[in-house]
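Chain naming follows the written order as A, B, C and D, and within any one chain the residues start at number 1.
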Amino acid sequence: MIINMMYGASDEQIAHVIAVVEHAGYQPHTIRGTERTIVAAVGSGGNRIALEALQAAPGVEEVVAITHPFKLVSRQVKSEPTVVNVRGVPIGGEEFVVIAGPCSVESREQLLAAARAVKSAGARLLRGGAYKPRTSPYDFQGLGEEALRLLAEARDETGLPIVTEVMSTEDVARISEYADLLQVGARNMQNFALLRALARVDRPILLKRGPSATVKEWLLAAEYLLAGGNPNVILCERGIRTFETDTRNTLDLAAIALAKELSHLPVIADPSHGTGRRSLIPALSSAALAVGADGLMIEVHPCPERALSDGPQSLDPEGFRKLMRNLAMPSRTMKPVSA
Amino acid sequence: MIINMMYGASDEQIAHVIAVVEHAGYQPHTIRGTERTIVAAVGSGGNRIALEALQAAPGVEEVVAITHPFKLVSRQVKSEPTVVNVRGVPIGGEEFVVIAGPCSVESREQLLAAARAVKSAGARLLRGGAYKPRTSPYDFQGLGEEALRLLAEARDETGLPIVTEVMSTEDVARISEYADLLQVGARNMQNFALLRALARVDRPILLKRGPSATVKEWLLAAEYLLAGGNPNVILCERGIRTFETDTRNTLDLAAIALAKELSHLPVIADPSHGTGRRSLIPALSSAALAVGADGLMIEVHPCPERALSDGPQSLDPEGFRKLMRNLAMPSRTMKPVSA
Amino acid sequence: MIINMMYGASDEQIAHVIAVVEHAGYQPHTIRGTERTIVAAVGSGGNRIALEALQAAPGVEEVVAITHPFKLVSRQVKSEPTVVNVRGVPIGGEEFVVIAGPCSVESREQLLAAARAVKSAGARLLRGGAYKPRTSPYDFQGLGEEALRLLAEARDETGLPIVTEVMSTEDVARISEYADLLQVGARNMQNFALLRALARVDRPILLKRGPSATVKEWLLAAEYLLAGGNPNVILCERGIRTFETDTRNTLDLAAIALAKELSHLPVIADPSHGTGRRSLIPALSSAALAVGADGLMIEVHPCPERALSDGPQSLDPEGFRKLMRNLAMPSRTMKPVSA
Amino acid sequence: MIINMMYGASDEQIAHVIAVVEHAGYQPHTIRGTERTIVAAVGSGGNRIALEALQAAPGVEEVVAITHPFKLVSRQVKSEPTVVNVRGVPIGGEEFVVIAGPCSVESREQLLAAARAVKSAGARLLRGGAYKPRTSPYDFQGLGEEALRLLAEARDETGLPIVTEVMSTEDVARISEYADLLQVGARNMQNFALLRALARVDRPILLKRGPSATVKEWLLAAEYLLAGGNPNVILCERGIRTFETDTRNTLDLAAIALAKELSHLPVIADPSHGTGRRSLIPALSSAALAVGADGLMIEVHPCPERALSDGPQSLDPEGFRKLMRNLAMPSRTMKPVSA
């Protein structure tokens, strides 16, 4: 930590800061500049909070942290990439893995049609919402446990492992009975009670980035899971909220590259929520592959126009097949330079 | 709803949209412009989701809603302002109410010192965190039930009703035994499981706006509470996340004026989180009063520099007393125009 | 400057950084922590750019500036507030000054009607656009020099000094002949060629904050003016761009308090552009007064519904009179605490 | 245009709106819903501004435009893609074109070393700043005309056409003598005086997206150029400003796909400014190629650590060569599905 003193801070104020640094278990180094003084607190294992609180001390302008606050998710701690095994499907390894399926499970027919379609096009996992977070209380809230049973049936038929969202600590046990991968939705990224509950579960977790979370906050949310005992975490970038309104969110592909640089965890992209526009999904899927993502999560509905949620951003089976073909065969590449 | 067809949409596509509108229980009105056609769906009580899903139909550019999606929180439904009674203290009425206290309950001494200080300066409610949402799992997470008991003791001594945050459905019953006003934190504004649980509780709710929530999403979160049976909701603006980094958040005072225009619910401001800088809190408190807020929530700590959380944005007792005096006596006003 | 070395940086890399710091004319202080090493560069008058470029050196994680990059606009350099005199009207002193008038000058009748109305209600300066920045090339672009002559006529009649926007270096001389205060629009805040031209003009400047500019960038834009020779600068907060769409911009009142804390320059607010909604303007005007702004700029049109630009956010004369009365007499204040 | 009346608007207010619509040269269609009334204004060639101003009329909630405000840049007007010829190099056609070079021209040696390096690695155009927009007046502002002469020399030697930024209308003529492609910087995207001057120039224009401009505003800025007579416009996405601070900007790749869907103009990406972190540039370059961009603009400096500007985001020659090789040979693709 660097404690940056205000311009004109008194000797007494500087001495006070030094005393707090020592009392907190760190070694103080004082550097008197021409305009201001800084105190560096060196060491580890001290009382970090006492240092941060110095921001409130007289004469202190700012306390700047110079080390990352996360540990277990960091590449510094574990340099080789983590591969998460979801009922036999490895995510984070050689293979680029596509998860697909409807936003919400709406009926047996709808789900099975979707499951067959995404399986035949090359998807490796099936997604489907049973409990849906909806902005309005008057919107469709999901079929609940009935949806879980249908997902299990679709898995039995297609062999695709299933992923579904957990919205509440109360649902963790029930959903864990059915699902192979438990999703934390973007709005719950900092639902710490939920994270603590999922840290104790014997299932891998898909952790979506919150719409206004920085990459570091996202990694710290993952740190809750690892620190609580669950090492099987997959990160999912699904777009952040910006001033741009012609796309539902702004898919932040640099965040994927950055998360993979800072952390060993696998990272996938969700271009369906990330753009909210069906026409843009194939191009952003290819871009996610190119940027180094480990996979995709894509909404596919047998008939998007009749979907009870997210129709405008859902692909139909034919659109999904085209997308998968494009991924396998890029349409334009740079010509190699002869020199 | 207005269904805006694409430039060049075919007659067949338009006919399809009209058929869906009718099937959904609305009356279609078709307007053929020089460049495009629009179909207006008139009526209420139809299947709104079927209309929204038209966004996925061929030839449709956009489906635009022209009515607000919220009902019970709306001024259209109830024009007179709601006054929420918190153990005898009315919020939303004539009086501008200040809630104050420490970010976290840290000890008996700290809490009682804070409670006495804010009471003597004019605060009407005492705040104090028992369960703390923290970005990092390694930060202080609150004293839990012990903090609840201390809050009750502080209430007994000072007579100030108490407000504390509920982070999880599992804690709702326990916290309701102690607290007079239950706070939903900004990161939980769209924790719908929590909102549903709080809708069934016999306590008023303080609902903070999420850092990236629009005013309409905030009102829809309140709608969950009212629709679920709890009419006693107070809204709290605590700053939104923007590109500006010199303040912790951007306190959106226009959102307070707008929320009060659209809704009958009381709205207060939290300039402590809204700015994150102690020096700015008094000015923003005065501004919140002037913009029409019904009250404030302010972090006060007997010794901010030793606070276990939010020290940099906490006032000390003397700072809080000055703030309260400023609120009672504006320092500069316009000179009235003689004409 | 603090040069924060990467975890695992080699001794050679650290030595290289130290050599660059010395070569750039600073004194290096090296602090070896348990996890990383930092090098502090102490001194002033050295080659700051050489230090910043170290961010590209091997083994360097980050270069952190610990002093503000602005000088002449800073409170550290000049602690007493600057009062800018605009043809006899002081801005930044005791009086809270309201500037009002139409978005665009549209005709002689329109401008004179607006000028008389705002004068009688208590405005001290008249605004009116002659050259208009418009998002679309097909929108009304202003009357140009004809508008300047009409503004001068309105000044002659009412005695109100006039303010109008300068969009291009080519127009600086012509507009300076007419206007008493030259406005730099938000989209031109970082039009450095324009700032350099205005630094050499014998007229005060009204510098609007860009819609995505931080407070520090805004102050640095003002620094261009002061460093170039023009000390008469008034800052104007007019809202920043955020994800919220129900207001045209998010009026950042904390930025006003912060700008006044960091700088000695006067700061006013523009709640017309800041909200874009006529109904919110009075409340935000009162809030701007309360937060410590030195004045307001408000759009007033004799008939907003016929305005050629910004009608939805323009007040009519009666609405403006009410706003001015409200400013002079706050509707609700805190009751003073007896203790 | 749709004029959406307020809940409870009176018959008189509705009649007034209808009268204005007719007077403005449009045909009104009135639809009375159960909750509100809307008036659709049909036709083209009427007085659009008069309709927009209705937002200020009594009883009107909102005026919604249902057609895009841009024309000449639209795919509706010209469906085949525009290929811009920059001194023999086509941009927007089959070839993916890379522009590279230093942020600023600093010296003859630096520029020629950079030019040779990027040429040999496969770049097709040379970039280099002569006049630099800098946030602080104390930073290096560019070598001006001397830099232009050096750029011309580098073109003579390497055969690479050159691109450089124009900051002011006053510089347009001089820079046009030297440069093959004139760049409008992000901060000048809405410098309308500059756009109008460049519309009359016989050189293609590279128009960067402003850091807080929507895709539609960006296209409208391009519309200024086309409407003013210059059809040779290349768009450049360089990142938008968001709350994320670990990247300098958020590179919005979906905006590239969207701009190409809405417009026939070529679009390139600038991952150097878009991320501000050297380590992320190769991955984002591949992603831009995959998303459908027509090319890249990349900062390359012979010795980034000694750069006078943008060192941290500049590649050295070896880093650039690797990036070019990666573009030609994607490292991981989806396995094609056998079915």
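Just so we're on the same page, a residue touches a chain if its C-beta (ideal position, glycine included) is under 8 Å from a C-beta of that chain, and two chains touch if they have at least 3 such contacts.
Note that the coordinates shown come from a computational prediction; the quantities given were computed from them, not determined experimentally.
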### Summary
Larger contact count among A-B and A-C belongs to A-B
#### Entry: Centroid-based (C-alpha) most distant chain relative to chain C
A
### Summary
For the pair chain B and chain C, the C-alpha centroid-to-centroid distance in angstrom is 29
### Message
Quick check: how many Å separate the C-alpha centres of chain A and chain B?
### Response
26
### Query
For chain A and chain C, what's the span in angstrom between their mean Cα positions?
37
### Multi-chain contact residues (two or more partners), chain C
212, 241-243, 245
### Query
Within the complex, which stretch of chain D touches chain C?
20, 48-50, 52-57, 69-71, 133-140, 167-171, 187-188, 190-194, 210-212, 217, 220, 223-224, 227-228, 241, 278, 304-309, 311-312, 314
### Message
Can you tell me which positions in chain A touch chain D when the two form their complex?
### Response
94-96, 98, 120-122, 212, 214-216, 240, 242-247, 250-255, 257-258, 261, 274-275, 277, 279-280, 283-284, 286-292, 324-325, 327-330, 332-337, 339
### Task
Note which residues of chain A are touching chain C in the complex, please.
2, 4, 7-8, 29, 31-36, 38, 40, 42-44, 62, 64, 66-67, 76, 241-243, 245
